[in-house]
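Two complexes, one shared chain (subunit A), two partners (subunit B, subunit C).
Our next item is the complex of A and B:
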């Protein structure tokens, strides 16, 4: 009897279908191969993973239902704010980390529903401006309601998850503060769960309804799909996922930080990451965020600190810090990617096929 | 707050609403022809402001009498209008034209990319801090019948009112205006050349020209400019365009006036830190009741997405 041993091409084929398993295995093993992740780099990687989660939420709205959403960062910020209000020692609630995450995700989703129900009958561009406006209103409220949100200082300190829980004599909360690998794993697990969730949703009846409403709203209506309800569900799910990402973000930083980080700029950056990765594609979203935010959060600080070190030894490079050219570099990258791959780096198969069809 | 100071705030609102309206026309014209929200428009305006700052500080290093001042400012507005128009054409030809047939959200990302690049150019040009616009007049205010009118506001009107009148004549009385309005009413242009392609070039020039003119007014009104000015004014102007019904030119002007009024009144009553929130709150509530804006077409008409 001849046994067919798995070859490399089998593996490639298999991993194209189930790309999550090799990718997440590699990410999970990374701290062993690269111990520096316990320090500052681990924290930067964690923030990239967290933004991946928010971007997946945005992908549900923009990629699946085709509606432009320009305020995802405000839901990110709201999730974080709720978590902070529920957990900081200065407030009387002080509930544990996990229940606080559940409550804040629920509240963020509720706010998404409240905003979505009167506005989701708007046409695309109008809805985009409403989400943009909502984002700015939330940012201004964060800045100005100082006794609730802490204003520009942000609300803190947020106790790390697991504080007060002792496992074999070790305080888990202290471990979270000392070693950034804990948050790395926490975000990785959350990202994995969200990836699976979005994947299941995409294949479910609801996910197919999203796409039906995007492609042919009239045809979808004739088979009994209510466009507004379907869009509202996508809007709410996007808000909830972004809220989860916000919870993780503020917990890993320890405070809600400057509210300007939840403004239009962050929303637009996440949207760009989703589109250059490929609309409606989960691996595309992850790649887009990794490129855009990896450049912003990981590459620029390390290149600049390296330049600081050689500065003075070789020549004066103060004008040439990468930070002062950051905007132009990101902008040119966005233009070039869209010029040569208008459907994104890893487009979903349906989206690519539709683009081919419309070109002919 | 008494009636006189309320009226004074309204005056400030209308002058700032005037140039916001001109910028909003830029958004609405581009949207009407190529169906694109041109996110870089605010930053084009910001670069126009940088150029007019350079021109004005070269021509009027010391304050001058009103007539010369007006002439110099109109000259600066024309120069910066030409510059912004040409810049807009270049952006369109090099960045957006190859993407006319791309999926609808792809050119949007390109506009955001262009916006980042232009903002960085502004940062290198005028630096990271606020730059003061030169004082143009010897006297800063003049009192007419109990109201003190800032000369800067008068100057804004001197720039904005002729621009709006020219725009009206151009769109209503010329062949170019007729074809522009008809094409905006029917469909979005995907052609890259030919008559429709020329129309797109003209649209981008007009939108940039109005933005450049408005940038001088904005600089005179705010007395300072910085490299993030375009971002903020772009948000206000985009709101104005949407409030008026995106794609409609009179809607953009009216929307600009409304946004200017709301902003000025909320600055006076609630303080400047609530201004942007109150503008957007009014927009959201308004759109919940009238989803197509003031002059917008309802969703069944026209081929726009």
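Our next item is the complex of A and C:
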């Protein structure tokens, strides 16, 4: 009997459907082939993965229920703040990392519900304004509640996850500080779990109700879907996922840092990444974040240091840095994508169908 | 078929012959002051079908909208099974409104008593003077903040005696025990001032004479008055903010509840399904998903559980049955936006049926169809609905779909 080996085209077909498995396997194996990930590059990659998680949360809201959400970074910041309050040695609670993550994700979700329940009855643009305002309120509260949040300096130092836990005589917390691969793997696992969660949600009854409300709110109401409740669930889930990303972010940096980082700019950057990648599409979101934030966090610093070396040899001074042109480049990328591929780089099946319908 | 019979039993609807399933009483619907429907009276008994015929455009759709709650009637009522299609004030609503009110009140109170300084007083100061963080200590510091008692704080190695919110420094000492003693004396003075002029503790050490330069002036009369008033001030702020927030929260949530009382979801949950003239399917979902989402909602409608259990296999089976009954089996997995107008209408009817409704309102099924398609639709409706489901069909004239109905009602007399 002749064994029929799967051909390359089979593999391509299979991996199109189950793209997570090859992608996450590659990311998980990357530190073996690329030892630089143990150093500064690992930290940069970790922050890209964390933004991916937050963007997936935003995608639940913007992509699945079709509501513009301009305050995702505030939930990101709230998650981080709760984690910091629960864990820093300045405060008396000092609970462990994992319970702190659970509690802060829960609190962030509760705040999302609180904000959403009166406001989600509003139509499109009005909700966008509410989320925009909430983002600013959170930022200003962070700055002004100095005793709680530490003001502009932020709360810190946040003990790394696993500090105080000894495995064969090695302090796990110290390992997290020394070797950035630990955080890389932690964020990778979190991202994987969130991808699976969002995927399951998309295919569940709740996911179908989200899409129904997005497509035809009137018809959805006449089959008994309460648009407010359904949107509220999406808003809460988005807040919880962004809160998780915030927890990981502050834990990897070690402090909540300047609250201005959780302002409008960050929200819009994440939204841009989701739109470039393709609304409502999980791989699209990941690709969008990787392009936009990977460029910002990973590529630009390394290119700049390389260019500085070259220019330093030739002119003795550094004349040009890519970093100062960062935002212009992002803007041009956005314009180009919107001109030539308005549904995003990897559009979801549904959005492609909808787009075709609106073209007709 | 067994499916539908089961649901009837589970709903427990025992229909007496004298109460019609749907009864419309003196219904008037206006649009911009012009009456679309004027004092309409209509009774539809269970299991029967009615065709509503009117050559005009707006009235029929307005009637169906008024029945299913998309449009509010200016007068008159719509009853299903003798009950109005309006959400009542249940215990759940009451607790929800109360909870929201208390929550908003607490948030307002937290803002009014200055949560930042409260945190400073309760959490940070406990760490400064190195008290163990037990619930008793926590409660004591919380109480002392609301009583506006003096506290001890540290700055640059010195112990400071401060007001509860940390805004005012009253004295600075190098030694902690000395600072504690002084704080207790000062507190006694403030408490005495609060309780009234009758009680005079020995505070000669504290209230110094301003003319004596060598003695440190700790508490003069105005400071003492201000500190004594602090407790009343903070209580007043907290309570007034809480009460304002309570009223605000209760008022807002009652307003939201009132607005949502007569909504399409309420009618749908009571068992009214409708289709639209422009089909209003979900374009970016496949035919299968379009029906599946409705089947699932139909199950949610009949379940009173908070998190209803949905048997996926049953849902899929029912969906396939419905797709087959309207003849869309070949298009199961194509997007609804790719269907022809006739297929879209079939899908709309299938979605209406998928809710497993008690009454199905079909808006102009024959509109824009050729004669053959009209006959096909009439056949479908006859097969799946007739005799089992209560049906209200609107139509522009006596087309085949209207003819399958038990009786016809003409909206306008001319």
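To be clear about the criterion, the second predicted complex is superposed on the first by the 353 of 360 C-alpha atoms of A that agree within 3 Å, B and C clash if a C-alpha of one lies under 4 Å from a C-alpha of the other, contacts with A are read in each partner's own complex, and residues count from 1 in each chain.
One rule holds in what follows: a contact is a pair of C-beta atoms (placed from the backbone, for glycine too) under 8 Å apart; a residue touches a chain by one contact, two chains touch by 3 or more.
It should be emphasised that the depicted structure is a prediction, and the values quoted were computed from it without experimental measurement.
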Combined model on subunit A where subunit B meets subunit C, clash or fit: fit
Partner chain in contact with A:144 - subunit B first, subunit C second, else both or neither: both
Touched partner set for A:91, first subunit B, second subunit C, both or neither: second
Subunit A residues touched - subunit C or subunit B, whichever exceeds: B
Touched partner set for A:351, first subunit B, second subunit C, both or neither: both
After the two structures are overlaid on chain A, angle v-u-w for subunit B, subunit A, subunit C in degrees (C-alpha centres, nearest 10): 70
Touching partner for A:218 - first (subunit B), second (subunit C), both, neither: second
Partner chain in contact with A:209 - subunit B first, subunit C second, else both or neither: second
Three-chain overlay, closest Cα atoms of subunit B and subunit C, distance in Å: 7
Common ground on subunit A, meaning residues reached by subunit C in one complex and by subunit B in the other: 118, 121, 144, 351
Of all residues in subunit C, those that touch subunit A in their complex: 68, 70, 100, 103, 115-117, 119-120, 123-124, 126-127, 133, 252-253, 256, 259-260, 263-265, 267-269, 273-274, 276, 280-285, 289, 292-294, 296-298, 300-301, 310, 335, 337-338, 351, 354-355
Partner subunit B, residues of subunit A touching it in the complex: 62, 68, 118-119, 121-126, 128-130, 132-134, 136-137, 140-141, 143-144, 264, 268, 271-272, 275-276, 279, 324-328, 330-335, 337-339, 342-343, 351, 355, 358-359
In the complex with subunit A, residue positions of subunit B that touch it: 31, 37, 39, 95, 98-99, 101-103, 105-110, 112-121, 123-124, 235, 238-239, 242, 246, 273-274, 276-277, 279-281, 283-284, 287-288, 291-293, 299, 305
Touching residues (chain side subunit A, partner subunit C) in the complex: 90-92, 114, 117-118, 121, 144-148, 205, 208-209, 211-212, 215-216, 218-226, 228, 350-351, 353-354, 356-357
